[in-house]
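The chains carry the letters A, B, C and D, assigned in the order they are written, with residues numbered from 1 in each.
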């Protein structure tokens, strides 16, 4: 692994020459930009062995291609235990950062493409699988961050890709050359896009024959010509520019999402993994989604652990940790969080091999996992705010605490338990603000709804995979119907 | 009503000379401060007759003291119909502003004190009721905004007022003079504090004999000597400073909460409405809370109306308004919102007279109302985000849309339905961001939990008022138990 | 009121000569049948002044036709206060009986037809309204129980009345004569059918032109020629035949539902209130449903009161009434129950006059009311079982308690608190069994889902009445869209 | 395995001479009693290889004691895969029977005692572990059903065992002899008690020093002298006596629970596995509960499968299977059911070895599993009733369908889809009645709340095992607190 530390990772990003916009301005040095850096710090934790006893076996794996020690984020799952470890790794990093550490999309993309390219080659006589393995070997050795880019901007949701008024609303091939292809379009909500070395593009839905140009998958460096990044806003994002770490709440870590525009970007054939095989596109979507829905049963659970801790700490600092209703609410937070974890573990432990050798999660249970993630974090956040109290949204700013004219008032009047410094209490409440109505809520709440597919996408899969006919047979037998 | 228009109201605030801090700095001109002004605009709507046919009879009433036309916000409820109209007025203003318009606390404070001062005078031979009526007459004639200030900062929640390590953690009398009293302490989470002419202070809990100095109620001008305001932060609050109305989401209206510090403030006797009658303090809290819990069955329902509209508009703009799951989710939003309204109406229609003549809501049902408000808005917000899509937290900034290098990309790629301008869609989504994870979430979510008392406070009242013995009798009769 | 006491009511039923089937056999004397009598007892309570102070003004009203004192169950609502009193009456009777007292369907049918016949006459020049008033006068004077019969058996729910393979699956006119009409079909789930003197038939859905024969409304005596009743089964129904009042749980009261078959029944014109005016049929359904959905905000709340009492009594008898989780669960039961009550009150207090003078509930809020009733009773029942303990479904029979060989064992081992006789505890638990998985569950749970229309029926109405366009306008104004 | 078929199992029960009471009478021949037989049929399925491909590896295992093929119900879990297979076996049998098949309590009891006796011997120098292994070998060879009996009758829940007014309210040792012990007391809610060859008694809570006589565990034949069984009632139980399989709903299978009274029963020392080691009692309870809470993530999921099938079949038979709200409700039923399954799998896959070699489930996750089971089945049942329609509780009896006077009416009017025989529809609806408000509801609803411990018992464990301090550390690190 060439990039072998958080520091090396950050340095490696400096080499990229990208076209990035943020708050209406071109960003020349994203690495040191205070609004971007926290998300980079979160990503950097994936390079950090850390001090948890279990971290080594969770964060790293042995490459099935080379036998070498690699980041699990670049690993192809070889058995159910790998799938379980993936979830445990995600919980670990969620606990460290309390946010999205962004590197899962690439991992999930590689694993999805691994089995589909294999099957595509079998069916179509293509040679995508070897190309992908070659590329993967390179990624493992360099230890790159690869952004898995699936979600198109989609235009009118009531229309299919080929029916849109503008053909570019889904990424598609605009030219096929001897040496490669040229693509156009945009991918939305790209988590960690600015913290990635490469971008691995996949189709966003099952394409039909007339949409063959949209059935395209490929990888490009993040600074390939023709690529533009526009960073999205998050709640309270500019607090990171104020020099007010207190007001940021989670001062070191954050998440990030960008719109990536592909304006006639050239891709050499060796980095093309699907091009026109529209019958394979649905499988990529379904498998990537399954892996990524599994992911939420790990990462958000890690964040949930921190929120449970925050609830307990706020209760202690305010003198109510012994109240029966507070104890019961914290129990409920734990219960909901561990239910999510159970779903993450179950779809992993029930993983099955694909013909390629790569293991796939139980797709039904992975969808069940994500469906619960679209619900429980809101309830966890509500309970957390309940315990924290209204001060979460009425606290003065860090600058007020620094102004000698009023700081003594604040110190005096915002103290909770007498033996806890006021600032300690405020730190916890600012963190809770961040997680429930601030920057962190983007990752913990909204992303929990829409990441890896919106709720209805999971319901469609759950129904499709439930084998209703089988269940009908059970009743018929019991009540003696033919 | 001397102040008889939104404009006159704003001008009236200029006359106040207050000590205000915001983001660590003293604010000399709060009226024109871009972070404060939106909350002032929301308050100003209470002075705006508007164009709704029902507005006149909802926003104004006939004074039972003078017979004159007054703002309903300064009115004492004379019958259940007044209580119902209060809720309808609040829904109306919630619909106009989609935020907290802040004037209810004073109204609820006056109504609570009206009956309690009457009863106190009967029991203690005091003369608070006449003082209060005199003051109320003045407020009605001037048409002032009066901040009803109840919530103390409270210190260690596990200790009573007299047990705190610092006696000032609850507002109390520090000196009794011939001409009045001197008070010290602070009131937290004061909604609309900077938009108020006067402050009406009430005790925060039922006091005991040894806490007689904490049993104090009085009114002072907002610029009385010794008062300091420290404004709280809200999510994304500084967007209002950016000159980016688009990014603010709800550009015209907002809410506001402040910490009010009373540093040995003098109050003349004619503005003191309780001073030591600790046995009356619990009644003030209970009645104020009941009125204010009723309020939430109006104002938040009005906001909910706007959120339902936003869900529908987002669905239309993105081409999914016909999808059955989208239709069902919007139906659920309506159902939850109207359930809250039903609770607001029910406790009003079941109102009962107090000995003073002032009508009190059904206290049990008012607590039931607020308890539901601590739950349903989170589910409504979750459903709204579900329908809106992930773009809610990944949209570029207004400045990006104004940068000619990337604006064409954004215009092209962020369009939903082909016949809707991209900016129209973005406006709706920015509004949804504001309401669910931005500034508006402070008022719609956190305030729904903690305003008018935290959830557990309502549960204690619900249990206390439910007459379990009566219900036990019903079962005993049915199953023939003595 | 000729029938002026519970006793007189029971005697009046003896005069009816009806064709009734139960458990496969013809029932000659339904009045004294132990499986039918409890439901008759519940109905008889509507004739019982009782000892509650408020009973007189709730159970009786002044006829707007004659000025005489009449049962409120035969009253036409003259103002919102009448609508509120209806709900209070229903809660009162639910508290007395802990079951469905069955007389509301007729009341709701009369009120629905009252306004629709008036409007029909205006539009079509018919004379139904006077006929209905004449009939109502007779019913008020005799003080009859009239079964309001709406729900057809419906056949294939995917097909309309005229599309069914059998034209009789919806009640329809098969012959028009000079002196009247002949009808055929069946009405399902007829609550209290055997306890009614008359049957008031209404169409079950909005009919179309080709379905004019299905647009029929009329009244007939319960023993008219051609009518057959088949009583439905309920859980644990035959315990009433065992001579085991203990095992019945709610020994005195019960509910009842029957299938009523109309096999070419003749109806004289003076008792026909709609015949072919298909454009009026939808209004009857909508208004009847609205009144009846309101009803559930009263009757089920009364039952809920008893269940709260049962939870508290079981807790006391088992020594856990002080446990914080038990207290909290009972609080939640109260909260849910009072939320239902709030919905019942709100749609009543917001009632509006129809052109006929009869007051109609707020239809949107009435649908919201019933929608909540399809949910909360299941949660209340779950909490009740939680508190009661597993013994609810593992208790021995009354006969075991009477067998001297084992009664001492049972007395010894099934005692809860030492100072409570074992049998007292068992009585409460048998009652809870009845209400949650026994006979009473049919009325409290299943009927709460399907009575007055299934959940989806309410959702359709809620969406239709919510005025989405108005709500969209609110957002557009706030974010400055056209 | 001597008993090697369902038939052999049933015959083996005939040899037992037990003292059984049901409905107040002594039952001489329980095997052929129509109210008991269905529960025996369900138990017999544990002896039935069946035709499912996976049945062999799920229902049977290889004994770690002898290497022989044994029933998994008599197996000690040797690895996480054994734990997973247990859950899969339970789901399989739940699918076959739609009820409780009753044999899990013994399995869970053996596994709990296996590790605790090992540890007890280590700590106290006792020899319980070898005794237990000897006994287990015998049970495996004979292939016996062993009732695991834990729940005492408990008297006043607010008092500890030693504080009750009657010392027998918890099973205890009343005499220690050279050859064994004499015990007295009663175990309540004993699932499948009459279908068991032996009874394995365990303490019901963690005992203290002064309660050493209550810290007792032992096994006795079901027909040991001094044992009396009193069978509990279930909803609609006597329908099984009517000769009306249609009305029974689930005609072949059922569950059963009994009170077992130990009136000075002698137990030889070789069948005593704890006697006075009070410090070990809590571990038995905690581990048995953990295993049994895991069990509910299998068996109730199997029942849930049948309920999903019933919902779908009812929808098809009534012509509504295409309605979007029906489809969505069925999807929700599946989602909730698979969430329960995920919890069952997760606590199994995360199983850990005990010093004895026996694998224990993840105790935290097993408690989370059961906690969800106390909630979701009620919602599943509610949705099922919603789809099925009100006919579920208003259907005529089987005897009505057999009476030629009314059968043609019923055939005609209760038909749903024209191409489905009326009786087919009724069979499905009677099944749904059974499962939601009939006999089956005792097993699916009430047992889901209270089996393996009531909800609060799980919450106490969840909180205890959640390691709050660890979670607090996570926050402190993030916000830089000491």
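What we mean here is this: contacts are C-beta pairs under 8 Å (C-beta built on N, C-alpha and C of every residue); 3 or more make two chains touch, one makes a residue touch a chain.
This structure is a prediction, so every number in the text was calculated from the model and none was measured.
Asks: Under the over-half criterion for shared residue numbers, do copies subunit A and subunit B use the same patch or different patches to meet?
Replies: Mostly the same residues.
Asks: Taking contacts as defined above, which has more of them, B-D or C-D?
Replies: Per the contact counts, C-D leads.
Asks: Taking each chain's centre as the mean of its C-alpha atoms, give the chain farthest from subunit D.
Replies: Looking at centroid distances, B is the chain farthest away.
Asks: Quick one: subunit A and subunit D, Cα centre-to-centre, how many Å?
Replies: 40
Asks: Where the CA atoms of subunit C average out and where those of subunit D average out, how many Å apart are those spots?
Replies: So the centre of subunit C lies 37 Å away from the centre of subunit D.
Asks: From the C-alpha centre of subunit B to that of subunit D, how far is it in Å?
Replies: 52
Asks: Could you say which residues in subunit B touch two or more other chains, in rising order?
Replies: 325, 328, 459
Asks: Once bound in the complex, which stretches of subunit D touch subunit C?
Replies: Against subunit C, the touching part of subunit D is residues 21-26, 151, 153, 155-159, 164-166, 168-169, 186, 188-189, 228, 230-239, 242, 247, 257-259, 261, 263, 318-320, 322-323, 325, 374-375, 378-379, 381-382, 385-386, 389-400, 402-403, 405-406, 409-410, 412-418, 433, 436-438, 441-442, 445-447, 449-451, 454-456, 459.
Asks: Taking the touch rule as given, give the residues of subunit D at its contact with subunit B in the complex, in rising order.
Replies: 324-325, 328
Asks: In their complex, what parts of subunit A are in touch with subunit D?
Replies: 84, 95-98, 249-253, 305-306, 308-310, 312-313, 316, 327-328, 330-331, 334-335, 338-339, 341-350, 364-365, 368-369, 371-372, 424, 427-428, 430-431, 459, 462-463, 466, 468, 470-476, 478-481
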